[in-house]
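The same chain A turns up in both complexes below, where it pairs with chain B and then with chain C.
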Partner chain A sequence: MAHQAHSYHMVDPSPWPILGAAAALLTTSGLVMWFHYNNPYLLIIGLLSTSLVMFQWWRDIVRESTFQGHHTPTVQKGLRYGMVLFITSEAFFFLGFFWAFFHSSLAPTPELGGQWPPVGIQPLNPMDVPLLNTAILLASGVTVTWAHHSIMEANRKQGIQALALTVLLGCYFTALQAMEYYEAPFSIADSVYGSTFFVATGFHGLHVIIGTTFLLVCLLRLIKYHFTPTHHFGFEAAAWYWHFVDVVWLFLYITIYWWGS
Partner chain B sequence: MAGLGRGSRLPLGTAAPRSPPARGMAAAAHEDGGARMWKTLTFVVAVPGVAVCMLNCYLKAQHGEHKRPEFVPYTHLRIRTKRFPWGDGNKTLFHNPHVNPLPTGFED
Partner chain C sequence: QGLKPLVPTESPAPIFGTSKPPSVLPATEPFLGKNKVPDLQKIFQRSDGLLVHLKGGAPDRMLYRTTMALTIGGITYCLIALYIASQPKNK
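Right, the complex of A and B next:
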């Protein structure tokens, strides 16, 4: 019986990386087909295959770690680096949209009426639903921390309660933002104000949905006893991502919603 | 360690008094107080904070719907360089006919 003389995980051959790349190709070309040739079918196939690859690849990782024990502390350290680098890349992604916002809002052009918000735009009141959304995300940061400590203290009932509350807060935020999008008196096509507002808050909203889904998966795993008080990196990664989403919202709120109104 | 035994030996979920949080969370096997503090913060600060903001939104909504402004066909607004890939190509994704005018004006 062969044993490895190192603490790394030499992963078994897997079809997911190449299928994931194929799914990405289907999705991007699908977007072209939809936008330019009015045909959504390739896009639908692309999105479906992307979801299937994600589900199966991550399921394999849970199998390799929780059920097969391949995630040694060394492997976990690598995963921590990976998550930190990924979140950093996401921070740069948002930085670009903030740059675009400041580029247009600090020196509003004559086409906009030389002012920000532009002539004809009624911005949302930052003290209304956006403030509630801020409270919701801050609260969810507290509840996810409560969940983390509960997991570390082996308190199953509280861990489940706290993580479930976090997921609910995430869903509440998304529902409120969707309502705000529908009720807003301005749209994405309303000058560069609309473009910067909806692209920045829209990508943020997408990240909230992703983060909520990640936390939901952790909740299901928590219920199925996958985590131990000292080994629960999946949960920690979800919590880091969630805090990142919260911080991006705080920047959005202060710059676009408040300063920009 | 025997004197500190109460903390981690209790059955899960029991609401027995724990060591004071002033001890800090540094002790390796005894993270007492960590989860309790965050649970307290959740129910005393976070949830009431959300409730107050909810109340604020509700009161503002009660205060009265604000009048729709007059439509002015500004060229920098309602830009339609390219058709949208859905519907008639003229409405944004979250189009609301009560508050979003088309380039030619309100539909209603």
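Right, the complex of A and C next:
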């Protein structure tokens, strides 16, 4: 039987990349059918197939690494580069929305009453729920670091407790933001203020949900003994992503919530 | 002969060194379930020629077929919907 003479992982042929692309097509066309023809079925099929592909693709990666041992240090290095590049691309994504915010708020047009916040807009009090949300995300940064050190010290019980607490804090943030959205005195349609506020905080909220889900998967893997004190990159990737989400919130809070009020 | 002691003079049975050795005690439950990774490693390293996305057996096949059916069905629906949407509106 031939063995490889290198430390990389040549993956088995897999249907997930092409099915994932198909799912993306269904989701985007589904959005068109929903927006323009009031028909949600294609979108539902798209979201369902996207979820199925994501579940099976990542399940296979867990099999290849934890169960088959293919993630050598070389492979792990590549994954680290990959995650760093992905998070960097996400940072640029948010940069665009911050640019849009400053474009409109640094030189408010006459249509807005020449001021920011625009005439008639009652901004949220930054010292109210937004400040609590800031405390929640900062605390979750501490708990995820506590979880990491527990994993590295082979302290199973503490690792599980700390990671579970991190997930709960993430859920708490999301719940509070949802309530804020519901109770807000302005909507996305309320001039460029509403647009910049809800698009920037909305995409951030989506990333909190994604990050919380990632951390939850890590919690389940931690409980199932997948991580070792020296090899737990999946967890590290989730923690990096979570710190990124935290930093974006801090920028949002300082600029849109505080300076912009 | 003397006074009968009120308290028995022979010492009570020794209590030190009488605990059962750990291997005889019932195993305490590991925190939140036991480690099944070695068993899973055996399953997923079997040389059965199966690709990783189907190596788990029947559940994998079901999930794969469901995903494939949903995606192919969806693409068909998508092409039909886009064809209809591209037709000019009847006056």
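The rule is short, and it goes like this: the second predicted complex is superposed on the first by the 261 of 261 C-alpha atoms of A that agree within 3 Å, B and C clash if a C-alpha of one lies under 4 Å from a C-alpha of the other, contacts with A are read in each partner's own complex, and residues count from 1 in each chain.
The definition used in the following text is that contacts are C-beta pairs under 8 Å (C-beta built on N, C-alpha and C of every residue); 3 or more make two chains touch, one makes a residue touch a chain.
Keep in mind that what you see is a predicted model, and the values were worked out from it rather than measured.
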Partner chain in contact with A:Ser14 - chain B first, chain C second, else both or neither: second
Touching partner for A:Leu168 - first (chain B), second (chain C), both, neither: neither
Touched partner set for A:Ile45, first chain B, second chain C, both or neither: second
Touched partner set for A:Lys157, first chain B, second chain C, both or neither: both
First (chain B), second (chain C), both or neither touched by A:Gln56: second
Partner chain(s) touched by A:Gln68 [first = chain B, second = chain C, both, neither]: second
First, second, both or neither for A:Ile188, with chain B first and chain C second: first
Intersection of chain A interface sets (partners chain B, chain C): 156-157
Residues of chain B touching chain A in the complex: 8, 12-13, 31-32, 34-35, 37-39, 41-42, 45-47, 49-50, 52-54, 56-57, 60, 68-69, 72, 74-80, 85, 92-96, 99-100
Partner chain B, residues of chain A touching it in the complex: 34-35, 38, 40, 111-113, 118-122, 125, 127-129, 131-132, 134-136, 138-139, 142-143, 145-146, 149-150, 152-158, 162, 165, 169, 181-191, 194
Complex contacts: residues of chain C adjacent to chain A: 31-33, 35-37, 40-41, 43-45, 51-53, 55-56, 63-64, 66-68, 70-71, 73-75, 77-78, 81-82, 85
List of chain A residues in touch with chain C within their complex: 11-16, 19, 22-23, 25-26, 29-30, 32-33, 36-37, 39, 41-42, 45-46, 48-49, 52-53, 56, 60, 63-64, 66-69, 156-157, 160, 223-226
